[in-house]
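Common to both upcoming complexes is subunit A, partnered first by subunit B, then by subunit C.
Moving on to the complex of A and B:
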């Protein structure tokens, strides 16, 4: 679009104002609060906060890994379907993305809680309802619930790459003497690895920072960073500097993961452009 | 090693297309081209030989061994795909070395042998490039080197030249033939380009609707086609439908044509074939099979001139070196060939 530089500047003002007011200023305030006092030192002095960081990382990695393993399998299957059926299934798969974390948590409670539908069915078969509920209301349950809405993300990011892969390459490898598995490992895997890694980093970051589902499912009984942060703000004894320090920590980990994802995605992009 | 295809049949579940009792054989060192219009089954034939599809009936023997139930990877075939199917994440050298890696050849040795293979296809300077950094012709050569580096029993070429422009295609054609001769390998080359097939092959199989119509040397295919489809598909042709009227006379839409009818009884429906280069321009007035008409199309192609002469009842396609005006032509009786109608 052409026009005078002043007009263009004016058009940018609302967006810029929003960015400053609701992103840069709060972020600056949080960073300032975290770094000004001794909040950061207090985080590292408190063993249970460090444990929360560790638990969150573990939860993120577990949920990320589960979603990627599941997502890769489903995406591989979808890529082989005729386009019409693939499109239909894609809609179904994308559906969980639109659910709020609270609804997902509630759904899992209805299914696997102490009086859940599946729990009662399993109890008929002799399983202990308390054990199932204990599973749901702890980290394994969170991994399950997170995977529920992270797997579709993985599928939708991987599908185009898998669907566009030229299978004559694996046919060629087979004609040269490779088994089907060997062809997939040698030929397909290296070409899709960057996208899979990017997708893993992305969902791990989401799982690391997610708190709605966790709060609804396990309350504050589990020691993970987002819930600790929540307690520091919501509970009676609010400690804003400490909350700010945790926020910065959370932000740093997520930024690092997103950077990994971006770098991996850029690499796969470069690989794809070049193919003739 | 030889490739023998014996009464091979295949049917695609959805479409009616497939393959019906196709038999052919390619001996070591021989170059066999398979041509036909799209959907004729030539690619299906290649996929069956490669093992990407399983035949409904019939047998494929490679080096005398029945290949029924043998997976692609154990057939020991070098295949060049239409789009080359190079591995984009490997360099040219790594691409060529890959079949050797699968065979457990050590790294140093396989890179040395891959390097030699690239040298033979004049690509040594480009060994470290990725496929994306190579031109179509160069990718083609990498694919060819990769298909031959492990000394396969036979070579299958699936329209390998169709992605190249005309100028490169002719050059690559000669190159493929030279490399194939050097290796003395049985080669099956699938193409829709009849000119390519005639120029490169020892023998040519013409297919249509899943059936093999004729398997013959290029010269025989051109001079003595089995039927009017082959005659029309291979090279340019005048085809006149007609009825035998008497000894050595056939009645056609453009008039009676004198030719050897080979003792066919009067009343038999036949097709007459005359190649355009056999048609003579401006014959004497008393010549047999002489037709006067008007020039409706005239194409100057450099080394020759191809024209359509409209005559009462039809058109005659001719080729000549003459640049003079054309008012009449003669189809010499000895140049007319009778085909089943």
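Moving on to the complex of A and C:
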């Protein structure tokens, strides 16, 4: 093995020091603030904060589901393309991953806002522009905007799995009389299920903890947990223990979802090793 | 199925196309598309002192973030890769998951709590912003580096060099660094892209005079459409350029970047 254990430790010291100082210490301070007083009980006594938690969970699950459904459909198609075209499309699809949430927000305002392109186009067909804008500036609009940068994550995670799937298995099933759908459900689905679940948990966690796009789209008008936390922090002299309690709640949900993703990913890796 | 992909690409392209059109349109109020062609909004953006300062801040923070993540990340990745104990591998997995498990909003709040105290009064300083960007981008670089080291089977290369009498320094300069050239450059471009676009944490911890570009850009959303489009296009162009650069630098790399899975 390269290098002695002591040398390796020395190499890791700067990185570890940085992570302790700028990661563990801040999160520790948040946890300390939250647990020191009765802030956590106060969250559960406040109906509107519980409603925010519920809305955020719904938003996360809806955005997660939408991007997984869309991602599976696109990845299934991409997996059957010749490698050259697939690689090209992969680069295009990966673009939104590095986009700031602000780009997405303003793009969707131009598309579906009160005077947006699609809004006015649909108004020509007789739709009510106010109703479309109300759609954008509420949870459905957030789902649409979040899926913009979540779906690429799903596609890029699933693509290798779908591309490596041995299609002779479903072809064999079809030759024995199974319908195409039946073959996909019985043979492909069980094999890719852990990876799909892992990416669903991952994108749900991202959607649950994000606030940038929502802030740019709706200001703080919509009652979701990250925006409530943001208003508490931005409002100087505010109730920091309550903000810390909301932070711990956010951390707990996101960490739980990431644990689900990890376990599912580990299962799919184990499956893979058994098969090969 | 092809129709799903086509519709998906339309969904990806539509907001970007509208931003591009809006940024060169003279006036755009309550019409399907803007009327008149102008480069004036980009000119205004260039002339705006606060946008120029923010842009300079963003580039400086980005450069510093890349330098620090590289200097700290390569040795750390090497240490993680070399460790054989299960505990280290598990800790590394956790490290890769951190940016999602701990949202930037929560981490930013932690920075406010720790660094606005009397003993550590650093909130608002530029270097603290860099530190924030470093910890939130480091996991992405680590993931790229460690998976590339495993893919290249660096141990075998090093053992061969060692058996021929190469010392640690010689191996580092002659083998480790050159082998990682591709993944390091593609990982660093990814770090740069994330740093330039970072809004959620910077919005909380940046000082008034060290506000990076995305934080200032949000104010523009409440003004003229053309100006907001031009401002957003600038950010978009930087993101697209770095994504394309990262893709070409990382050709042949095993992992798909930006997906902490």
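Some notes on this structure:
To be clear about the criterion, the second predicted complex is superposed on the first by the 264 of 276 C-alpha atoms of A that agree within 3 Å, B and C clash if a C-alpha of one lies under 4 Å from a C-alpha of the other, contacts with A are read in each partner's own complex, and residues count from 1 in each chain.
The rule is simple: contacts are C-beta pairs under 8 Å (C-beta built on N, C-alpha and C of every residue); 3 or more make two chains touch, one makes a residue touch a chain.
Keep in mind that what you see is a predicted model, and the values were worked out from it rather than measured.
Using the contact criterion defined above for the overlaid structures, shared-chain residue A:168 touches subunit B, although it does not reach subunit C. By the touch criterion defined above, A:11 lies against subunit C but remains apart from subunit B after alignment on the C-alpha atoms of chain A. Partner contacting the larger number of subunit A residues, of subunit B and subunit C: C. Within the superposed three-chain model, A:178 lies in touch with subunit B and out of touch with subunit C [touch as defined at top].
When both complexes are overlaid on chain A, the residue A:68 reaches neither subunit B nor subunit C. When the shared chain is aligned, no partner comes close enough to touch A:207: not subunit B, not subunit C. Of the two partner chains, neither subunit B nor subunit C is touched by A:136. Once the two complexes are overlaid on chain A, none of the subunit A residues touched by subunit B in the first is touched by subunit C in the second.
Every residue of subunit A that touches subunit C in the complex is listed here, in rising order: 1-3, 5, 7-9, 11-12, 14-16, 18-19, 21-23, 25-30, 33, 70, 73-74, 76-78, 80, 89-111, 115, 117-118, 120-121, 148, 151, 153, 156-157, 159-160, 198-199, 202, 205-206, 209-212, 215-216, 226, 229-230, 233-234, 240, 243-244, 247, 250-251, 254-255, 258, 261-262, 265.
Subunit A meets subunit B in the complex at residues 166, 168-169, 171-179, 182, 186-187, 190-191, 271, 274-276. Taken together, the subunit B residues at the contact with subunit A in this complex read 50, 52, 71-79, 81, 83, 85-89, 98-99, 102-103, 130-133, 136, 139, 146, 150.
Looking at the complex, you find that subunit C touches subunit A at residues 1-2, 4-5, 8-9, 11-12, 14-16, 18-19, 22, 29-33, 71-73, 75-76, 78-80, 82-84, 93, 95, 97-98, 100-114, 131-132, 134-135, 138, 154-155, 158-159, 162, 168, 171, 190, 193-194, 196-200, 203-204, 214, 217-218, 221, 225, 228-229, 232, 235-236, 239-240, 242-244, 247, 256-261.
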